[in-house]
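Below are two complexes that have chain A in common, paired first with chain B and then with chain C.
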Partner chain A sequence: MDAIVSGLVLGGLYALVAQGFVLTYVTSRTINFASGEFLAIGAFVALGVGSWSWLPTPGKVAVGVVAAGIIGAIAYRLLVVPFARSEHDSRWLLSTVGLSYVLLNLLTHAEGANPQKLPFARAEGTTSLLGVAVNKQQLWIALVAVLVTVALVLGSRFTSAGVLMRATAEDPQAVSLMGVSPRRVGVMAYALASAIAGLAGILWAAEVGATPGLGVHILVSAFAVGVIGGLTSFWGPLVGGALFAVVVQVGSYQVGALWGQVFGLLLVIVVLVIRPEGLLGRRMEAKL
Partner chain B sequence: MKKLAIVALATAALALSACGGSSEGGSSDGTVRIGVVGPETGPAPQYYTDLIRPAELAVAQLAEKYDLKVELVEVDDQGTPDGASRAVQKLLNEENVDAILGPPLSGNALQVADVIQRTGRPWLSPAIAPEIMDESLEQNWLFRTNYNSADLSEVVASLLFADDAKVGVVHSADAYGQSGVDSVKAEAKKLGKTVAAVEAIQPGATDFSAGISRLKAAGVDSVFLAITAGADTSTVTKTIAQQGLKPKRVVTNATIMADFAELADPGQWENLVFVDPRDLVGENLATIAKDYQAKFDEAPILPTNVYSVMAAIDAYLAGVAEAGDAGDYDAVRKAMEGIASVSVGADTIDAPFAAGDHELYEAEDPSAWNVFGFNDKGDLEMRGNLEECLSGTC
Partner chain C sequence: MARLTELAATVRKRPALRDLLWVLALGLIAFWASRPAMSGEGITLADSQILGSICAIMVAAVGLNFLVGHARLVSLGQGAFFAIGAYASAWLTLDGGWHPLLAMVAALVIAGVIGALLAMASMRLRGPSFAMITLVVTILVERILVEWAPLGRLSGYPNTLDHGSGLLEPIKVFGMELDPPLFAGIPADVILAILIVLVVALYGYRNVSQSSWGRSLRAIGTSEHLAAHLGVNVYARKVAAMAVASVYGAVGGVFYVQVFAHLQPESFNIYLSITIILAVMLGGAGTVLGPIVGSIVIVLLQQTDVLQPLVTAQKNISESWYLSTPGLIGLLLILTLAVLPQGLVGGVQGLVHRFRPAAVNADVEPDAGAAAPTAEAAEMTEQEESPRETSGEDVLLTVRGVRRMFGGLTAVDGVDLTVRAGQVHALIGPNGAGKTTLANLITGVYAPNEGEIALRGQRIDTAPTYRIIRSGIARTFQTPLLFGHETVEENVLSGFAHTGTLPFWKAWLKLPSEYRRDRVMRERTAELMELVGLKGFEHLEAGSLSYGKQRALEIARALASDPSLLILDEPAAGLNTAETAELGQLMLRLRARGLAMIIVEHHMELVTMVSDEVTCMNTGSVLAHGKPAEVLADPHVVEAYLGVSAVAEPAGAPLERTDNA
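This part shows the complex of A and B:
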């Protein structure tokens, strides 16, 4: 029971980051491999405004989230659009990986490698969930992941921006013929995805401290979660996150802490073999 | 054919220069060139920061004392064994340095140990893996100015296993952590005890509840942490508190000083102590930290590494001054074995090395090792020496 509950809670963090992959994949068929660094950007910007005593905590969080979103939008325009010119152009993969290295080094030089405590946006201590002691901050992040997922599902159905995103996912050429630029939709998706990564970064940094490598360790798990749940469904990350993290935790509890991740990645392989589009995903042409 | 012969000769000449064996070299203008290799990039750059900075600090203070012109040649090993190998080859073959300082990470030091020993240059190391030192070598070029993890395990074993405690070990999944767990197991065997559970943590792990749950299931009530980064130590101690594992003691070493108190809450260091042979709260280290702060505008991250590096530079420059020529590597090595003392700030360690003894610290005397913990505010405090703590008076 401990493994299942802790897995469900831990899966929320991975799911939150994986939502960014879904957003960019459905709208532009690309994935931002520098997403890990956007966690760190959100955290460091929030840390930077942490001393503004006149700004309440939600405001500080919002500044970090918006900053990550703006940088994400710029990154899409400058580093994804020029390298994703056709369905078979996959240079965006290299440009986003390159961006990851550049941002990591810039952040390290600017902020140093050591963790810096984020003194707000943290729920301290533990609480009991189904009789199992869980970290309050992890639980809080899991709840945020559910809220963000619900907001994305509702937003994609009931707002004009959401409808545009869905239309672009279905047929970008038709959207283009109707006078809407798929690139503009891509900018919007990258901004939103990076903002979500920034939010995840702030909430996680409040627990473990802000470091340039904050997202590095989360990125692989988040990508695994995206693959398991499906990169074309907003519900996918939640399902994938829950499954992946529960398998990791059960493996860790039963065999050893180092083995958990191995079991989780084995699950990814199983899903790729049985259902390559992910458990809740549907087949789409990728630019790879 | 002639071309082939020339290429073969050139290759052989390059290979010979790479493999070394020569005992003379150095720069023509008499400048002592020390190659500094550490993880400027990669997962643990704090170990590079507190390698290069104390080296610069020590050189600034000691070059005049020994009347030497000293140059530091820095190369990034990227925190990987491969990177360390490339960096050391560059220092030896392209930069032709007179001595090598680093790498500070045990796994990287292990990777380059053979190359440096075969090449024959004075090698100054703060890495604590016991395996990098082979004192049976006829010409041992390694001088370690930190303790090694086998010595640490020997002294902490008595503390860990006191009161018939059931001991569990949490180690980071790297060479440093593996070396730590191996050393504790070896000491347990000597004492006729066994380690009840061993769990590994990946650097930067998001959760360690499974590991602590397994320690709890094994009935562990005394925990040794051999973890590279203070942030990971914080993750482990947080989970210990969260899971309700209430060990009599959690013992670790000074690597905890990097970031732990910054990230952890008071509940996480309640029963936590660490052991070190240096006085980490004394006037001398405070003065060194002040000088460091003045020069670099930041406090030291790993004060013990700062101390080790400054000791290494002092020992090496004393050896060069004694030998009279940094390029006469063998003479420098022998001079280092015979130096009367090593100074770090106001501290002096007499007869630091000898032929067949290139370790600055020994494990024999528990009263020479200090036990530290954190007070309510998270400030470091000395609880007493290990002997006192074992007799219950600290």
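This part shows the complex of A and C:
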């Protein structure tokens, strides 16, 4: 029971990051492999403005989130657009991997590898959920993940930007014929996805401290979550996150931390065999 | 100079000699490179270790080239298989007590099996998901190395605490002790052994790249749809490619153990995978030499201090915001993608191509010249090959009551169609009538929801595409699907059944029988190119051909498999009048040789000229069927094409010609 509840809570963090993959994947068929570093960017920018005592905490968080979003939009324009010219062009994948190394290296030199305490945006202590003591900050992150998901689902249905995103997912060519550049939609998606990554980074750094490698392992789990849940559904990350984290936690409690991760990977592979498009993903049957 | 070019020409004409020279050159370089290590002098140790790293990265990179370069599957997992090869061979030797050679072979098998299993699970994916899974595996393998006690965790393997020594014993082979480049005064003869294995591995890699097996991977990289229509079992081939790449990765790991005699988990993190993929991209993905050159450059950049001045220069500007080697490698990866998308080797090849256009164009006659020999060639081949028995009554293909729905839309609705041996059956109808869908149903791209399709009485409607193709159907596509960056000749060569059926080991070994087969295929290719009017274009890039020539090339490729039924999907679309007339002549010649064809076409003149039977479809079902003149005169057909008003005036312009016929 302990493992299940803590898994559900931890899954929220992965889901939050995976949500960014869904956003960029549906709109541009690309994923930012440097997403992990955007967690760190969010955290370090928030840390940097941490000393501005006139700015209330939500403001500090917002600065970090917006900064990550802007850098994400620039990264899309400079490192994704020129390397994703056709369906067969997958250079964007390697260019974002390259970006990940550049950012990680820069941040390590500038900030050092040791964790730095983020003195705000933190809910201290534990609370009881279903009779199990859970870390308040993790619970908080899980709630944010649910809120972000609901916001994205509602936004994609009821705002014009959201409709545009869904239209681009359906048929980018038709969208461009309607006079809207799918690239602009991509910029929007990357900005939003990176902002979400930044938010996840700030909230997680408040718990474990800001480090350049903050996002590296979360990214890997988030990839697993994205593949399990499916990259074409906003609900996918929540379902995938819950499932993946519960399996990892139960495995860790029962057999050992290492094997929890191995089970998590096996879950990914099982899902791939049964449903390659992910649990909630839409099968895209190409009519040739 | 003249004699030199003559010599070069001789070598080019004799593939066996060329391959021999390649191996000899490689062997000489390897021998030369091994000499400092063999001296055993202390001063050579560092260089020998770098040389060992180059060998290890190189063999892993050439293996990865099968996936990334040829099949265009981006794997971030090559480092994981490198690690598996290294740890498995070391563990089996030391803890397992196996003979080192046996342990090495077992390590390769383990890596191959894991690679194949992973591929079976994930090969239905394309694009980012595959890269994500391979990345997850890489990180997981690193975690296992860091946390699993039997592998020594962060103390490394072997370690003094568990094994009494931090170094593996040098292996003994045929009574010789192969020492690593770790101690001054002891010749590092393991380097020579590694170089020998490397040369063998590179020889096999080059053979595969240039074989029909390599072509099948490039077909998959271009379009899986195309690959299946060349008779390739795409899924099995991708799994095989992944297994091969994994084994090559593990060979790299085995080399690594033998050079350093000790393993640290942090050497096998994701950075290793990135290094290997960068070696492929920087050198030139898809080229034979690319990964070889790329791995030399990348290891030298990483392990020598050539990048140091760059770091110092940055530090002069800012003490805290600068890039060291890993960051610079990341930047180099981005720059390579932007500036040299074909890599160093691909870029150089492109330059050579650009400065040699005269040599290529000299052979190329203008179009008028190319059309003339076509007729001759046809006569020639017709004389050579007696036309097949064409009774006209033998039923080749039957389509009965076939129905296919996409969601709520019924694209093909209860269609019947019969193609007799040696006959041309035209399929006409307005856009969206379901003609291409029917073609796709016949070649197994989709399975029909209802009805049956049989070739020579054998049901094929549930068979996968590659089986249908192997049973004697070939096709062309509405928009030509070609290897745009490869030569015309390469494109035709990919059409042979060999592309789908050549076993890997035969491609790797390249036995004399393969040389013979290759020669036969090239001769046949030359005939086919003459037949379709592409003589003289052999060495041009397929993408640079005019649209009409690209269509001719597709037909030549389809004919290479020696089909009994050829499906042409709008072959005249985009052709000018002269080209259409040529196409008509070509089809008549093919028909005379006994080839049955289904032609999906809007060009009624061509249809009347070549077809024995015509079926007209509209909104998924058959509207009319019969002799060309009958069908084209049918008022319902006219209505479907031109709308109702045409029927009101029965003697409409489009009917006149067919009325007279």
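The rule is short, and it goes like this: the second predicted complex is superposed on the first by the 283 of 288 C-alpha atoms of A that agree within 3 Å, B and C clash if a C-alpha of one lies under 4 Å from a C-alpha of the other, contacts with A are read in each partner's own complex, and residues count from 1 in each chain.
Here is the rule we go by: a residue touches a chain if its C-beta (ideal position, glycine included) is under 8 Å from a C-beta of that chain, and two chains touch if they have at least 3 such contacts.
Quick caveat: nothing in here was measured; it's all calculated off a predicted structure.
Engineer: Do chain B and chain C fit side by side on chain A in the superposed arrangement, or is it a clash?
Structural biologist: clash
Engineer: After the superposition on A, what does A:13 contact: first (chain B), second (chain C), both or neither?
Structural biologist: first
Engineer: Going by the contact rule set out at the top, does A:211 touch chain B (first), chain C (second), both, or neither?
Structural biologist: Touch partner of A:211: chain B, not chain C.
Engineer: Between chain B and chain C, whom does A:261 touch in the aligned arrangement: first, second, both, or neither?
Structural biologist: both
Engineer: State whether A:39 touches chain B only (first), chain C only (second), both chains, or neither.
Structural biologist: The answer is neither, since A:39 touches no partner chain.
Engineer: On chain A, which partner touches more residues: chain B or chain C?
Structural biologist: C
Engineer: Looking at the overlay, what does A:95 touch: chain B (first), chain C (second), both, or neither?
Structural biologist: second
Engineer: What is the contact status of A:191 with respect to chain B (first) and chain C (second): first, second, both, or neither?
Structural biologist: A:191 contacts neither chain B nor chain C.
Engineer: Once the shared chain is lined up, is A:114 touching chain B (first), chain C (second), both, or neither of them?
Structural biologist: First partner only, chain B.
Engineer: Looking at A:81 after the superposition, I want to know if it touches chain B, chain C, both of them or none. Which is it: first, second, both, neither?
Structural biologist: So A:81 meets neither chain B nor chain C here.
Engineer: May I ask you to decide whether A:31 touches chain B, chain C, both, or neither, giving the answer as first, second, both or neither?
Structural biologist: A:31 contacts chain C only, not chain B.
Engineer: Output the chain A positions appearing in both contact lists, the one against chain B and the one against chain C.
Structural biologist: 105, 217, 257-258, 261
Engineer: Write out the stretch or stretches of chain A touching chain C in their complex.
Structural biologist: 25, 29-31, 33, 79, 82-83, 88, 90-91, 93-95, 97-102, 104-106, 109-110, 217, 220, 223-224, 226-227, 231, 257-258, 261-262, 265, 268-269, 272-273, 276, 285, 287-288
Engineer: Quick one: in the complex, what on chain B touches chain A?
Structural biologist: Its residues touching chain A are 41, 43-46, 49, 173, 199-211, 213-214, 231, 234-235, 238, 241-244, 258-259, 262-263, 265, 298, 301.
Engineer: Can you tell me which positions in chain A touch chain B when the two form their complex?
Structural biologist: Spelled out, the residues of chain A in touch with chain B are 2-3, 6, 10, 13, 105, 108, 112-117, 124, 126, 133-135, 138, 204, 208-209, 211, 213, 216-218, 221, 249, 252-253, 256-258, 260-261.
Engineer: Show which residues of chain C lie in contact with chain A when the two form their complex.
Structural biologist: 72, 74, 76, 118, 120-122, 124-125, 127-129, 131-133, 135-137, 139-140, 143-144, 147-148, 221-222, 225, 271, 274, 277, 281, 320-324, 326-334, 337-338, 341, 406, 436, 440, 445
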